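Presented below are the structures under discussion, each in the form of structure tokens.
Shared between the two complexes below is chain A, which has chain B as its partner in the first and chain C in the second.
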Partner chain A sequence: MYDPTVARLTYRALLGRRRAAILFVLPALLIVIAVAVRMFAGADDQVASDVLGGFAIATMVPLIGVIAGTGAIGPEIDDGSIVYLLAKPVSRPTIIFTKLIVAIAVTMVFSAVPTLLAGLTLNGNGQQIAVAYTIAALVASIAYSALFLLLGTVSRHAVVLGLVYALVWEALFGSLVPGARTLSVQQWSLALAEKTGGNGAITSDVGLPLATVLLAVVTVAATWYAGQKLRTLKLAGEE
Partner chain B sequence: MSTETGAAAGSETSRIHNIGYRAYDGPRLGRAYARRSLYSQTLRGSFGLGRSAKSKVLPMLLFGVMCLVAAIIVAVAIAAPGTTKLPIKYTSFAIYLQAVIGLFIAAQAPQAVSRDLRFKTVPLYFSRPIEHGDYVLAKFAAMASAVFVLTGAPVVILYIGALLGKFDFGDQTKWFAQGMVSVLLLSVLFAGLGLVMAALTPRRGFGVAAVIALLTITYGAVTTVQGIAWSTGSEGAVPYLGLFSPITLIDGVQTAFLGATSAFPGGNGPGAGIGVVYLLVVLALIAGSYAVLMRRYRRVGL
Partner chain C sequence: MTTIEIDHTSRWFGNVVAVNDVSMTVGPGVTGLLGPNGAGKSTLINMMAGFLAPSTGTVTLDGKPIWRNEAVYREIGIVPEREGMYDFLTGREFVVANAELHGLGDAEAAAALATVEMEYAQDRKISTYSKGMRQRVKMASALVHNPSVLLLDEPFNGMDPRQRMQLMELLRRMGAEGRTVLFSSHILEEVEQLASHIEVIVAGRHAASGDFRRIRRLMTDRPHRYLVRSSDDRALAAALIADPSTAGIEVDLSENALRIQAIDFGRFTTLLPKVAREQGIRLLTVSPSDESLESVFSYLVAA
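Entry: the complex of A and B
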């Protein structure tokens, strides 16, 4: 199910020169903010929770998820070089699975590690806040990668669609319509963080059992469907 | 026809070289025309006009959302009895709907420049009588116009609604003019930043992510830090922090000079003093992005 060559190629595509720059800039910004806030405001659990919840989980993780998830397959489909990969005797679900693993690994490294570092900087893991948000980032990485990898196979506007989901659905509708929060990867992963963190430090709108089930279902279903899509992939020229 | 002209060419020996191609002797429309065409093509293209139905969906949807929200606000204001002004200011509209504007730029700025770079059509443009400056100027102006249409239309709708609702004409016109100036500034700034990010990345998908990162991530970072500065009692830092993201820059400028209410925590926008700094930063960013684009296209394809 895991093909090392496909993985190596995907790593190289994702971490190539310029692409890696944006992946490094975002975590660096988070760390800088964490250091600045710690110097201005001192260690404070609520502030730490605000920064990690408002910036790391709400904006940074989805964005890195979009870049890694769609970047793992989108450009190849876009420029047509995917045919060389598809022509090899490797099953399509294996390709998707391998790319998913790579996307998850990249998203985790670039979102969870800085989240942990920022959390430790902000309040030295008081009330388990740093660890809780790191767990949320790890879990969200898996779901986002699967979701955006699927988008990459479905549409050539995958990045835009992914951003629409992350910005408009999760951020805008999520803050206006309470029901939209039930269908949001961010809230599902926060449900796990809620259990880890100290009492009342982190809140989620979704219960833990429901969140776990939804996360698993979305990840598995998206991966399976992406494999199916790749089996019947049509290559179209640029419109 | 080619045989005729070929035969007319004269001596037997030269016939093989003259296969009857004729020189173009029609009117030459020149540099200004090419620049104008590039401008109108890019402007139309950014709303999907003259392109496939699929590529019309997103820009038209975003445009529709902007206008619809404005129309709803107007309808509510007119339907509610006893209102004497709109529930939001003209200047606040773009700030509220910044996610939509951001998505529009992110989707359309790479559309305008990335594809030319990726398919290496830029040298073809420069084989026409346009210079690098013309290309940059046309693309910049087209992108700014596109964003201005997107952000200006809802403000116009609000204004028309306000006049239909018989709100005070003098006040409304003044606020409307202030709103249009702020929207114009926003359009030029965002178009410049978006085009710079897009021009640096030939991959369309990647350009989209880079633009949105520049607009949204900085905003998320700035508001988070501002909120913390506000709640921990260092209110003085709030206006200065706003200098670090495009949308808070616009917010600051219009709060200082255009009678807007700031969206900063506690409405703690910059006064006229810091407002000058805001305005200078905005103008520097616009000039800077233009310079970066000029520099970028000085090398391409040469």
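Entry: the complex of A and C
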């Protein structure tokens, strides 16, 4: 199911592109914010939760998910180089699964690690806030990667659609329409954080059982469907 | 012996029919897929390569369907037209990756790079390669698993004459080794120089098939033009025009030759030497003046 050659090509394509700069800029920004807040406001659980929930989980994780998820396959489909993977006796679901693993790993490294560091900086993991948000980032990394990998497989405008989902749906709609929050990777991952964090430190609009089921269903379904779409991906010529 | 069989295959995109009820068999040796731009050559090659499903009909490799069958890539090597090819890798890294995806390794990659004579630049990034070098590395990636079928989409596009000759030589060798080599081109002279067998696609239809000169002769209802020089042009002209196989003769004073239009190819080719012998005329030059693919092509398009 996992092909090391596909993984190697995907890593190099993902981290060698200019777009990859965002992978470094966003975590750096989070750390800078965390250091600044700690210096000016001191250690405060509520502030720590606001920074991690408001920036790390709501903005940084989905953006990195978009870059890693769509970037793991979209550019190859765009420039046609995917043909060198497809014209091989390697099953298409294997290609998707491998790219998913790469996308998840990249998203986790660039989102969960800085989230933990920022949390420790902000309040030294008081009320388990740093660990709770790190768990949320890890879980969200999996679902976002699967979702945006599917998007990269089916659409040439995957980055734009991904940004619309991450910023408009999760951030904007989520704050205006309560129902939208039920269908939000962010809320599902916060449901796990809620259980880990101290009493009332973190809240989610979705219960843990539902969140777990939805996370699993979305991840598995998106990955399966991406594999199916890749099997019938049309590489029509430019006639 | 590996054969690709296309059986009553059509492919349409929305309302546009790109390939219209085409049947052909592509066997060992070099086959040229010839047709003007937009004729449906790439669509056809994409179906043979398993990148596109036929709307109707079947495309098979030794009887096995190609669409949604990853196992066929053990037999097929593909040289795509598009340029995207992991430019951040070196040529060697690229070919090694292709070998690994076939379950092979460095040795096979090195052999493929040697075949296309790219060892001298194998450690440079692909982004620094010229068009011809990229094409050769693509070839190496397609040859790395020693496939019995090689599909090339417009392989000579943008190559300089020397690179073109090298690639032709390589493809000839592949064909002579018994591989099934199919390449597409809209350039007539390329196909003429390289392919022993030609399939002509015009506007999505299979317009002709076979040896180039045979295709030409099949079209007997079309006039064939010859340029003839002899010891007595006017006497020859008079004798030839008496026969119904000849439609017109012009005395070309600037060329000092006859321009003859024949309407019955078979009959004219036996008539000319016979008439010359009977009249005691020596034939100095007999050359078909339009036996180029260009003319075959325009006839086919007009038909």
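Operating definition for what follows: the second predicted complex is superposed on the first by the 233 of 239 C-alpha atoms of A that agree within 3 Å, B and C clash if a C-alpha of one lies under 4 Å from a C-alpha of the other, contacts with A are read in each partner's own complex, and residues count from 1 in each chain.
Convention: a residue touches a chain if its C-beta (ideal position, glycine included) is under 8 Å from a C-beta of that chain, and two chains touch if they have at least 3 such contacts.
As the structure is a prediction and not an experimental result, all values here were calculated from the model.
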Original post:
Does chain B (first) or chain C (second) touch A:V177, or do both, or does neither?
Top reply: neither
Original post:
If you stack the two complexes on chain A, which partner ends up touching A:V25: first (chain B), second (chain C), both, or neither?
Top reply: first
**OP:** With the two complexes superposed on chain A, say which partner A:L167 touches: chain B (first), chain C (second), both, or neither.
**Re:** first
**OP:** Have a look at where A:V66 lands relative to chain B and chain C in the superposition and call it first, second, both or neither.
**Re:** first
Original post:
In the superposed arrangement, does A:A221 touch chain B (first), chain C (second), both or neither?
Top reply: neither
Original post:
Just chain B (first), just chain C (second), both, or neither: which does A:L210 touch?
Top reply: neither
Original post:
For A:G74, is the partner it touches chain B (first), chain C (second), both, or none of the two (neither)?
Top reply: first
Original post:
What is the contact status of A:A36 with respect to chain B (first) and chain C (second): first, second, both, or neither?
Top reply: first
Original post:
Touching chain B and also chain C: which chain A residues?
Top reply: 78, 238-239
Original post:
Inside the complex, what are the residues of chain B that reach chain A?
Top reply: 51-52, 54-55, 58, 99-100, 102-103, 106-107, 115, 119, 200-201, 203-206, 208-210, 212-213, 216-217, 220-221, 223-225, 227-229, 231-232, 234, 237
Original post:
How about chain A: which of its residues touch chain C in the complex?
Top reply: 3-6, 8-9, 12-13, 16, 76, 78-81, 83-92, 231-239
Original post:
Quick one: in the complex, what on chain A touches chain B?
Top reply: 18-19, 22, 25-26, 29, 33, 36-37, 40-41, 44, 47, 50-51, 54-55, 58-60, 63, 66-67, 70-71, 74-75, 78, 157-160, 163-164, 167-168, 171-172, 238-239
**OP:** Spell out the residues on chain C that touch chain A in their complex, using ranges where they run on.
**Re:** 13, 18, 37-38, 40-43, 45-46, 49-53, 68, 70-71, 73-74, 76-78, 80-86, 88-89, 97-98, 100-103, 141, 153
